[in-house]
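Pasting the structures here.
Shared chain: chain A. Partners: chain B in the first complex, chain C in the second.
Up next is the complex of A and B:
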């Protein structure tokens, strides 16, 4: 009887391990697929500005998600790595949207957003 | 005899002057808005507000939906799937919803949603107004107002900071054949006629920070100053009547129902209610 419990426990452990590993693999795959961009913007004051910037950034080829932090004046983009935008392109989009880009940072890892802190 | 006539005339004159000033005071008091209460809205991020009977409709921009609430703030109905809805309008039973992201105007009528066909391409519609058969939209990125009736289109304003020029308009209202534009980043409201002619400017002297929303009644023009956290009230000629402070957290729009004024607060997720 004890042996049965031991074997079942071992099986559960193996299963748990395999599930955790596959999640990590998927996460790694996602991280490998995407580039993360943080754009610092001057003059982002109201929802019309924030959603205006969101509208313009949606035009970026390969963009998957956009998150705007109005209070901090930040825009976060997740973009397909194969279509990583040029800094110049992003600067032009931000300027055309009526704002001044103060910094643009590219990362291989997702940025920590204020809501997630 | 002559002296007594003079004395009587003097007192009569005083009575008339006193009576007039009392009337004026009473008239002014009737135009003063007083704070009543605040209605919390939970997770709604409101931009636009219109009234329909005992209910209020709000555009919830963060959640991409239009919600119908009762006067206590309880949600009655919700329509999802809009793309960043902004300043809404109402005509009879139709709710007009400008979608900021898709550049279209949607209509909610009896639970069904249809699309209004615009003949001119806007770039980010901040607000919509309906006036008879006319429909007007505030074309944010093109710095203009598009007026459309059937297939006839006319354009009001162009980018700039002078009279008759606009800089990021966010809302539009029409009353008595005049078009009132929330000229947001020119920090004023501008009034035009239907030919696009400049009529007057309202709010310039009060250093408005962002004139984000405008409401016009039979006697008043009411402006929401988003950054200034205040509501400014003028007569139809642009004379300042009242400024309300301290009761707002990023106000965006105003609705009037009878003797009540409802102001939506974007950041505060609430409605400030006033009466007169």
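Up next is the complex of A and C:
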């Protein structure tokens, strides 16, 4: 009987260890698998017209999140690193949405948004 | 002749509100978001000395590109002469095209100018009494301009309306100032207020009408907008009978895709 308890306890410990290790690995993978993009969009002056931009940016291959700051005229994208978009692709998307693209910055770390300050 | 002028004034008092975007009763040069692929409809009640009119148009724009938009306006109109039964039906249909002629974008601001052409077809019935349609083919050629920042929007449109038969041509002009009452965030709620002026000048005989139109607009999310406007006449020159008392508009716009 004691053996059964010992074996079960050992199994639980092994399981817990493997889950913890796996979570850490996943966290490391998540940090490393995304590219963060900040697009300065000129002409973005109204929330009601930002929808068109958001819709077009969703067409970017591998995009995970999009956040738009109308006051600053900025769009923030989180994109799979393996599908990092070309600068000229993003410029075309912004132009097709009816706006004028300005600077485009790629980063390995997330940008700090104003709301998160 | 007087009948045609009265009909034309009635038609144009509703045409002013066929503008496509925020602002409410003025055209907008921004053909994006809700102005690009949104359907617009509103109910407009027009109170006149001897008549009450209710108009319910449905406006459907479609962006060919971000610079070029086409669309149609399909109005239903109900007219009640005081003491007489209501007559209603499909009104005069409009098709329109907008093309962006100039654009200057800056950080959180834009200035745009469009060319606008409308063709109004006499699809409304003229056999009833009172008549629902004008019985006139009309062509409108105009300019739409606007300067928009996150603090305010200034819009203006003006144009010449050519009519066939014996009806006089018109010059239409609208001006709008819009101010957001909430911080500009996306996609958070928006509340905007507008002060607009809607003018119409008929050349022969010389008839001038000008309305002042305060309004509010509420945008609860990405895809829908609600708006209301109250239009009060401040100029009604050379109109002796059936002057407009006021007009009220309640409307919505929503994105279809």
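The criterion applied here is as follows: the second predicted complex is superposed on the first by the 89 of 117 C-alpha atoms of A that agree within 3 Å, B and C clash if a C-alpha of one lies under 4 Å from a C-alpha of the other, contacts with A are read in each partner's own complex, and residues count from 1 in each chain.
Following the convention adopted for this analysis, a residue touches a chain if its C-beta (ideal position, glycine included) is under 8 Å from a C-beta of that chain, and two chains touch if they have at least 3 such contacts.
Bear in mind the structure is a predicted one, so any value in this text is a computation, not a measurement.
Asker: Answer with clash or fit: chain B and chain C placed together on chain A by superposition.
Answerer: Here chain B and chain C cannot both sit on chain A without a clash.
Asker: Check the residue A:85 against both partner chains and state whether it touches chain B (first), chain C (second), both, or neither.
Answerer: So A:85 meets neither chain B nor chain C here.
Asker: More residues of chain A are touched by which chain, chain B or chain C?
Answerer: When the residues of chain A touched by each partner are counted, C comes out ahead.
Asker: According to the stated criteria, A:73 is in contact with first (chain B), second (chain C), both, or neither; which is it?
Answerer: A:73 sits against chain C, while chain B stays out of touch.
Asker: Does the superposition put A:100 against chain B (first), chain C (second), both, or neither?
Answerer: Touch status of A:100: second partner only.
Asker: Does chain B (first) or chain C (second) touch A:58, or do both, or does neither?
Answerer: Only chain B; A:58 stays clear of chain C.
Asker: After the superposition on A, what does A:45 contact: first (chain B), second (chain C), both or neither?
Answerer: both
Asker: Once the two structures are superposed, pull the chain A residues common to the chain B and chain C interfaces.
Answerer: 45-48, 51-52, 54, 97-98
Asker: Could you list, by residue number, the parts of chain A that touch chain B in their complex?
Answerer: 45-48, 51-52, 54-55, 58, 97-98
Asker: Please output the residues of chain C touching chain A within their complex, sorted ascending.
Answerer: 22, 30-37, 65-67, 103, 105-110, 148-150, 153, 183-188, 190, 219, 222-223, 225, 255
Asker: Can you list the chain B residues touching chain A in their complex?
Answerer: Touch residues, chain B against chain A: 45, 47, 61, 84, 86, 100-101, 124, 126, 140-141, 168, 170, 184, 210, 212, 226-227, 250, 252, 266.
Asker: Which of the residues in chain A end up touching chain C in this complex?
Answerer: Residues 40, 42-54, 68-73, 95-100, 102.
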